[in-house]
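We just call them A, B, C, D and E in the order they show up, numbering each chain from 1.
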Amino acid sequence: MTTPTERNDLGYNDIHEDVVRSIVKTGPKYYIALATAGSVTLLCFFFPWFYQLYYGIGAAGMNHPGVWGTYLSSFIFWIGLSHSGTLLSCVLHLTNSSWRKAMYRSAEAMTLFSLVVAATYVMVHVGRPWFIHWALPYPNQMELWPNFRSPLLFDVMAIATYITGSTIFIYMGSIPDFAAVRDRTSGWRNTMYTLLSLGWRGTDKEWHRLHWAYTFLAVLIIPLAVSVHSIVSWDFAMSIVPALHQTIFAPYFVVGAIYSGTAGIVTVMFVLRKTMGFEQYITKLHFDNLGKLLLVLSLIWTYINAVELFTGWYSGSSEEYEALGYKLFGFYAPLYWEMILFCAVAPLLMFSTRFRTSFVPMLILSIAINIGMYTERFLIIATSLSRQYLPDAWGVYVPSLVEISIMVGSFALFTTLFLVFVKIFPSVSMYEVKETMATPKIEPLAPASGSPA
Amino acid sequence: MPNIDRREFLKLVGAGGVSVGAGFMLRESTKHPREYLIPHVVAPEDISSGLSTWYNSVCSMCPAGCGISVRTREGRAKKIEGNLSHPVSQGRLCALGQAGLQALYNPDRLTAPMRRNGEGTFEEITWEQGLKQVGDRLDLLRAAGRGNRVALLTTGVRGHLAQLFESFMRQLGSPRLLHYDYDHPHTLYAANQQFFGEDRLPYYDLQNTRLLLSFGADYLSNWISPVHHSLGFGESRQGPADVRGRFVQIEPRMSISGAAADEWIPARPGTEGILALGLAHHIIAEGNYSGADRDAWMAALADYTADAVAEQTGVPATTITRLADSFVDTAPSLAIGGGSAGNHSNGVDTLVAVNALNYLVGNIGQEGGLVFNPEPAGPALQQHQASYSTMLELAEAAHHGEIDVLIINGTNPVFTLPPTAEFESALAQIPLVVSLSSFLDETTALADVILPSHTYLESWGDDFPEPGVGFSVGAVSQPVVSPLYNTRGTGDIILDLARRMGSSSVMPWQSMEEFLKYGWQRIYQRGDSQTLAQGFDAFWTSVLKAGAWGETKSGNTAFSLNPDVIAGIGVAPPEFSGSEDDYPFILHPYLSPNFHDGRGANLPWMQELPDPMTSIMYGSWVEMNPLTAQQMELSEGDLVDIQSPHGQLRVPVFIYPAIMPNVIAIPIGQGHGEYGRYAKDRGVNPIQILSPQLEPVTGSLASSATRVNVSATGKRVKLVKTGGTSRDLGRNIIQTTGGSGVEVSSVSSNSIPITEVTS
Amino acid sequence: MSLFSRFLDGWRKYRKPGYYEKFDYHWTMTVDLDKCTGCEACMMACQAENNIPVVGEDEVARGRELQWIRVERYWEGEYPNARLRFMPMMCQHCDAAPCETVCPVSATYHNQDGLNTQIYNRCIGTRSCAVYCPYEVRYFNYYDHGWDSPLEQQLNPDVTVRGKGVMEKCTFCIQRIRQAKDLAKDDDRRRVQDGEMQPACVQTCPTKALVFGDRNDPESQVSLSMDDPRSYRVLDELNTDSSVFYLKKVDA
Amino acid sequence: MTNNVVGLFHDPESALTAAGELKGAGFESLEIMSPVPIHGVEKVLGKKKSVIKNFTFTGALIGGMSGFALAAGTAVLYPHPVGGRPIITMPPFLIISYELTILFGILATVLGFIVSSRLPAFRNRVYVPEAAVDKFVVTAPCDDAEHYQRAKAILNAAGAEQVRKIRGDDL
Amino acid sequence: MNVSIVPALKVLRPAAMLVIVVLVGLVLGYWANATFVPGDSPEQPIAFSHKIHAGDNEIPCLYCHTQARRSPSAGVPAVSKCVGCHLEVATEKPQIRLLMGYWENREPIPWIKVHDVPDFVHFTHKRHVLANIECQTCHGPVETMDRIRVTSRAVDGSAQAGQPWKMGLCLSCHRENEVENGTDCWTCHK
């Protein structure tokens, strides 16, 4: 087993210090970043949203055939981004991969916050968000309940479950670390961590219970995560719109989600590494492994895309044929080819180990992949709705300024949440990193090329 | 209880207080806003809250004269539908008729009398002021024996309002009573006069016809009585179980009727009459006409052989002979002509030729052919229809200072006359221009005094549809709502002015309602003994209730042709102003299905109703053949300059698959400079560039005889339209049957095309 | 207990597909394409009857028109043999409607008259029904549309004015159906008679191309019309089991 | 309140040895606090059985059933037929059941964890902050000085860096 | 070192107290408004008493609300209807003088609507009256009220004073009586 740390001379204490410092010591740069992200959120996300609430959803660019637009593609994007964090973490936990341990906390946080942003997007998307509670099952005097046959309601249930599950999962994994931070803080922080850590002491019994609870959660969350994105795909696939009504959509969405989520992790890893001083914990190894994963995912994704085109073409159905042809050569074609370049062609660079282990190229690629994946979601909605059964009702949808602003703002919202997160949660799991290290000795080990078990 | 120190306690008390207040306000804000129940002071008989009341009346949105039923609730008109018992509309109504509600509730209505003040703007005045100003002037002129310096220009009203106008002008001693409408079919009247010797339109029995040849008449959209024609069309198509009527449309640009037809035949603009004579020639040459005057016909039509006609019209000779043969073989059949075919320099000749066609196959006076109408039951009137040249005369008289007062009612000549008529400057020469319009249209905007009239839904009136439906029909238009604004009925205004001129002895009626009742006495007298026994009041009530009155006396069925007519038959090639080299395209302006001659443009519903053929809303466009557009490298939305010898317009292009390559078409109706917020500054008005070409017989404007050239501007706009792709791409969405080789089960099918036409 | 028995009762009854054994009335419309001239009187009638707002030029340019019934136009052939065909397209009131299943709040469902309902005040505006509808006849209120005063006085008091964020569509003039049933009840009549009630579009159609009635009544005009050999349903291959039948255009 | 003897070790092996010896010497209720989970602790302090899996299973079961009951029950309470499907439509309701199975499973697991690990701590249990950083700590309750001395000796012999006496609340 | 969460909870106690006080305050304020400032019985321009008319004098409801039997709306009587009796009856009372003032000025009386449902509810009086449902079932014991106040029918069928109409109440009655199409949304919402 390889250790995740770059240097092998780190002791338990060093990690402890590094992580606690990342929480307690806050420089002006952090505040500047937080203020910037916060104000961008307000200005680009909440302000346009309130404008839209006041005047109606017409503030966005939706129209008659294109009743869905970027709000829904952003929703899928964020849900997709959420897919790698907790899911990957669970899989790696169950397979006992040690390289997971330095990165999984922030990956899970990414899951959680992208889910929050996605859930917010549901509110942004619907025409009358002030009645959104009608989609929740609760007893009311109208004796009306939501329609449990609707794929949208599967979504509601799945996302609610996924948010709950992810929150609990990240929290549970953090309890020992909260306890560790608790001992080093005072004042309100101490109060907070005392409560968050629930009085954790690290006894053998507690570790044992935590281990099992954590494992069960991981087992439960893997099928959940797969179901979540399948269900999101069913919002589309259960319609009879040409090019949406496809059986391959569930795996397509799941793979796409993991793909974009993994790319998102690479981006977040890079940023954390640079800004939080985690160079020792987030290493080339992580990028290398994530790169391999990305490469595999990109190949699967490309394959599914090819299959989608092939089946559409082979079906001989005029509607399918037209819709797919429109995707390739119609109004939105530049976006399609951009997507193919970013998501299918560019990732082939990762066949090179040198590329995988270089930080900046990986960052650029990961961002490109996510741009491509956003485009993919946009195209799924925009092209299919533009070319449905009745040619007389065809039309084109173009996003409005409000939509673009809210999209930009959603990234700021995500960043804001993440910035708050890094000051509350230990963004590297201390105890699991310690676990992978050699047992502390009085004299630090001499740097060695091999790694002790 | 834990210890709480004083400060803490005060803090809590404060917070508690604030939140109690917040809770209080929260509840306050959730309370239902206060609504009121406003009772009547005295309960009216015909208004029951929560229940609809229906009133029958007459539509005035176009000259067809459909009967309407208006649904009202709580004294407000809610919906206009066709009156089931009215023989013209039979319960059906077109889009424009239904949008009449928006004329009533139009936010841009004139709400009170107005006068132009020194600064050139309008200021509100009282009715007394306005009527006094006009009445005094009229009285002065009448007293001075200069009543002929007064002109009354009205839209084509019928019935007792027309009679009222007539007697009013008679009191003034002025012959200048002009009924002017852009769309009035002068040439059709003239052609019928010439052929049948009757200055009245016959009834075209579409319902029973088995083959209709329409030469340019857009009978389903704007021609004479579209709703009634539509009823006939539907009935002929799929009414009887065993036979299906066949419709053929001949015109340079496919109209709604062309789209509905089974066959659309493009003929060069202005050559429709030649084509009709070509058919006639073939019929006679094939020996299918055996009348005594066959030789005279043969002589008159000698030049119109199929090949010669094919050359002139651009319609293949085979098509001509095929049409002619089926026109003979199918009985009853009917040929109608009008619209653009009548708006050429040879308009009257063309329509005479169409009548000749009917004559030759014996369609005249036949069911399913052309049926003569009896004398309308309404008051006997002289013809006051003003053609283009009449309007020119009026303008000239005004320029010469011969007109002192011009009263304008409901017509908008500034919009519907080409600028070459110089009507606008003529208005400026007239010292007192009085408008009785409900809206500030282009003409009213130039008036000196505006005495706004009720809309038709607020006022009394009556109508005797012209042409009738083969028998006499009349209907009373009654107010269905109380007036919204400080306006008065046109008839009431005229009566008031008459009183002020001291004409009370001749025109003693206090109101239009009274005058109507007086006039309808005469119609009541026509009734049978049973009706007479019940008295006039019962008759009046029943007419109001039914919304229609009619009697089944038909017109004469016998017809003999004046032999002189035959010799005069012949259609000259159309004349166009401008040379073909400079102006390679022929402009085909057509009445918009939505706006008619522009009168519907102030109705938001009509503005947002897609044009049936193109789905365009809210604007103007020029239709071009795809090949022409391809040659000129134009595509949909490209702005082009349309230049005629008399003006220029800038319009976006719409590629129209069914228009002749050298013809471009622009709908009339948009391009208003006034006429309220919905109409103003939207699109273009093709009348603005028409050449003042006349039809020599009637003096009407040959509006389809303008040549233009088209030049690209390099600019583009996005056409506002609802339709996406107008090809079904083999998806078989609109399915068809029939033709040959299609198996149709025979039981109870009303769908098998029996009328086989060999093609 | 009653809740439980209701549930048990329902369990037996409600597991059959379709749920309704028979619709009380099965309102159906036929559109004779051979008669339709594309005059759009139906569109105007619908707009007037159902308080459909005018959205304005800018909104139409963005593709946000509201038309419960629209006239689709398809060109065929090229000049000089070009033909234009019209097809009125309104909510098809499918008995197996894709739009109904997807609504998360049951704002649209099938009622016992065989109608595809749309309950405006329940709608939360997910617009998914519009995506699922293959006929694209569901229209969305992107804004609160106003009426320039006094145009609001023409509003039909029997039809709710829809606010922003609400989906709307053709109802077969449910207010008229309800009123006809109401009157039928007054007369101790058990059923609404054929022709007693017509939606606004059918009522006004100048060529009588539209026919409306109860399919359950074999004598009704619409039943006869449906049985015409020309009858077909648009996009029937999608198995939406729609209640609007089109009669093929005769190509003669 | 009880007194505890607490030994701090630098590595887990010595802590485990010390714990084993303490146990051998008759000390009960031993605890090992550590910054990371230690392998082999069960060999020394005896096998632990967790009830969490029972919680998870029960929760999931209840979740699945209540998910279906929720979907089917509410559908029956106010039937809204949609798309020609039965009121109780199996496939979608099974999806709802599936999601609720997982949701309740997760919630029950958390409950199981809280119950079985006796968290959150409302009392001040014996604790050594270094255990959260890098020390492995063995604690044993000892009532009197004699016990304490004995334990201290054992711990020191096992290589404890420090031995302390800490008062802590009862569990 | 402390592991117990109790001290931390104690630290949070003031904040928790504040939250509790605020919540209690909100509820209290809401309740106080709902109870003591009833908007459900507004003061009318004329203090018309249903108790005197419908109760003491036993005038049937439909005598004045003539529309209820044939229209969705029950209607309020025209001023002339009031005057019809009060030209003779109780002419000297101040409220009647008020009424005559309106009559003489030919002004309608701006009655404030008490029982109101949202605009998207299309309730029809006609069907309910023809089904022989007592007016009191929905409007409460009007004949005992000097000033009319909002009343609704509770699920058990009793009158519920001060409570506005809720959809559940309509539904429960429709279910109980197995009204034809009684639970079809389009019966009331269209």
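The working rule: a residue touches a chain if its C-beta (ideal position, glycine included) is under 8 Å from a C-beta of that chain, and two chains touch if they have at least 3 such contacts.
The structure displayed is predicted, hence computed values, not measured ones.
Asker: Identify the chains adjacent to both chain B and chain D in the sense defined at the top.
Answerer: A, C, E
Asker: Look at all chain centres (mean of CA atoms) and spot the one farthest from the centre of chain C.
Answerer: Using the mean of the C-alpha atoms as each chain's centre, the farthest one from chain C is D.
Asker: Name the most central chain, where centre means the mean of Cα atoms.
Answerer: Looking at where each chain's C-alpha mean falls, the closest to the middle is C.
Asker: Centre-to-centre on C-alpha atoms, which chain is most distant from chain B?
Answerer: D
Asker: With chain centres taken as the means of their Cα atoms, state the distance from chain B to chain C in Å.
Answerer: Distance between chain centres: 31 Å.
Asker: Find the geometric centre of each of chain C and chain E from their Cα atoms only, then give the gap between the two centres in Å, rounded to an integer.
Answerer: Chain centroid spacing, chain C to chain E, equals 36 Å.
Asker: Cα centroid separation between chain C and chain D, in whole Å?
Answerer: Centre-to-centre distance between chain C and chain D: 61 Å.
Asker: Taking the mean of the CA coordinates per chain, how far is chain B from chain E in Å?
Answerer: From the centre of chain B to the centre of chain E is 52 Å.
Asker: Counting only residues that touch at least 2 other chains, which ones in chain A make the list?
Answerer: 65, 143-147, 149-151, 153, 179, 183, 195, 198-201, 389-393, 395
Asker: What positions in chain D touch 2 or more of the other chains?
Answerer: Within chain D, residues 75, 77-78, 80, 82-83, 85, 120-122, 125, 127, 129 contact more than one other chain.
Asker: Tell me, which residues of chain C touch at least two other chains?
Answerer: In chain C, the residues touching two or more other chains are 63, 65, 72-74, 98, 101, 103, 106, 109, 122, 234-235.
Asker: By the touch definition up top, name every chain pair that qualifies.
Answerer: Result of the pairwise touch check is A-B, A-C, A-D, A-E, B-C, B-E, C-D, C-E, D-E.
Asker: Mind pulling up the chain B residues that touch chain A in the complex?
Answerer: 723-731, 733
Asker: Going by the contact rule at the top, pick out the chain E residues touching chain A in the complex.
Answerer: Against chain A, the touching part of chain E is residues 1-5, 7-9, 11-12, 166-169, 171.
Asker: Using the touch rule from the top, collect the residues of chain D that touch chain A in their complex.
Answerer: Within the complex, chain D touches chain A at residues 10-13, 31-38, 41-42, 45, 48, 50, 52-53, 56, 60, 70-71, 74-75, 77-78, 80, 82-83, 85, 89, 92-93, 95-96, 98-100, 102-103, 105-107, 109-110, 112-114, 116-117, 119-122, 125-127, 129, 131-134.
Asker: Mind pulling up the chain C residues that touch chain D in the complex?
Answerer: The touching residues are 3, 6-7, 10-11, 13-20, 95-98, 100-101, 103, 106, 108-110, 241.
Asker: In their complex, what parts of chain E are in touch with chain B?
Answerer: 13-14, 17-18, 21-34, 37, 39, 42, 67, 70-73, 75-81, 102-103, 106-113, 116, 125, 164
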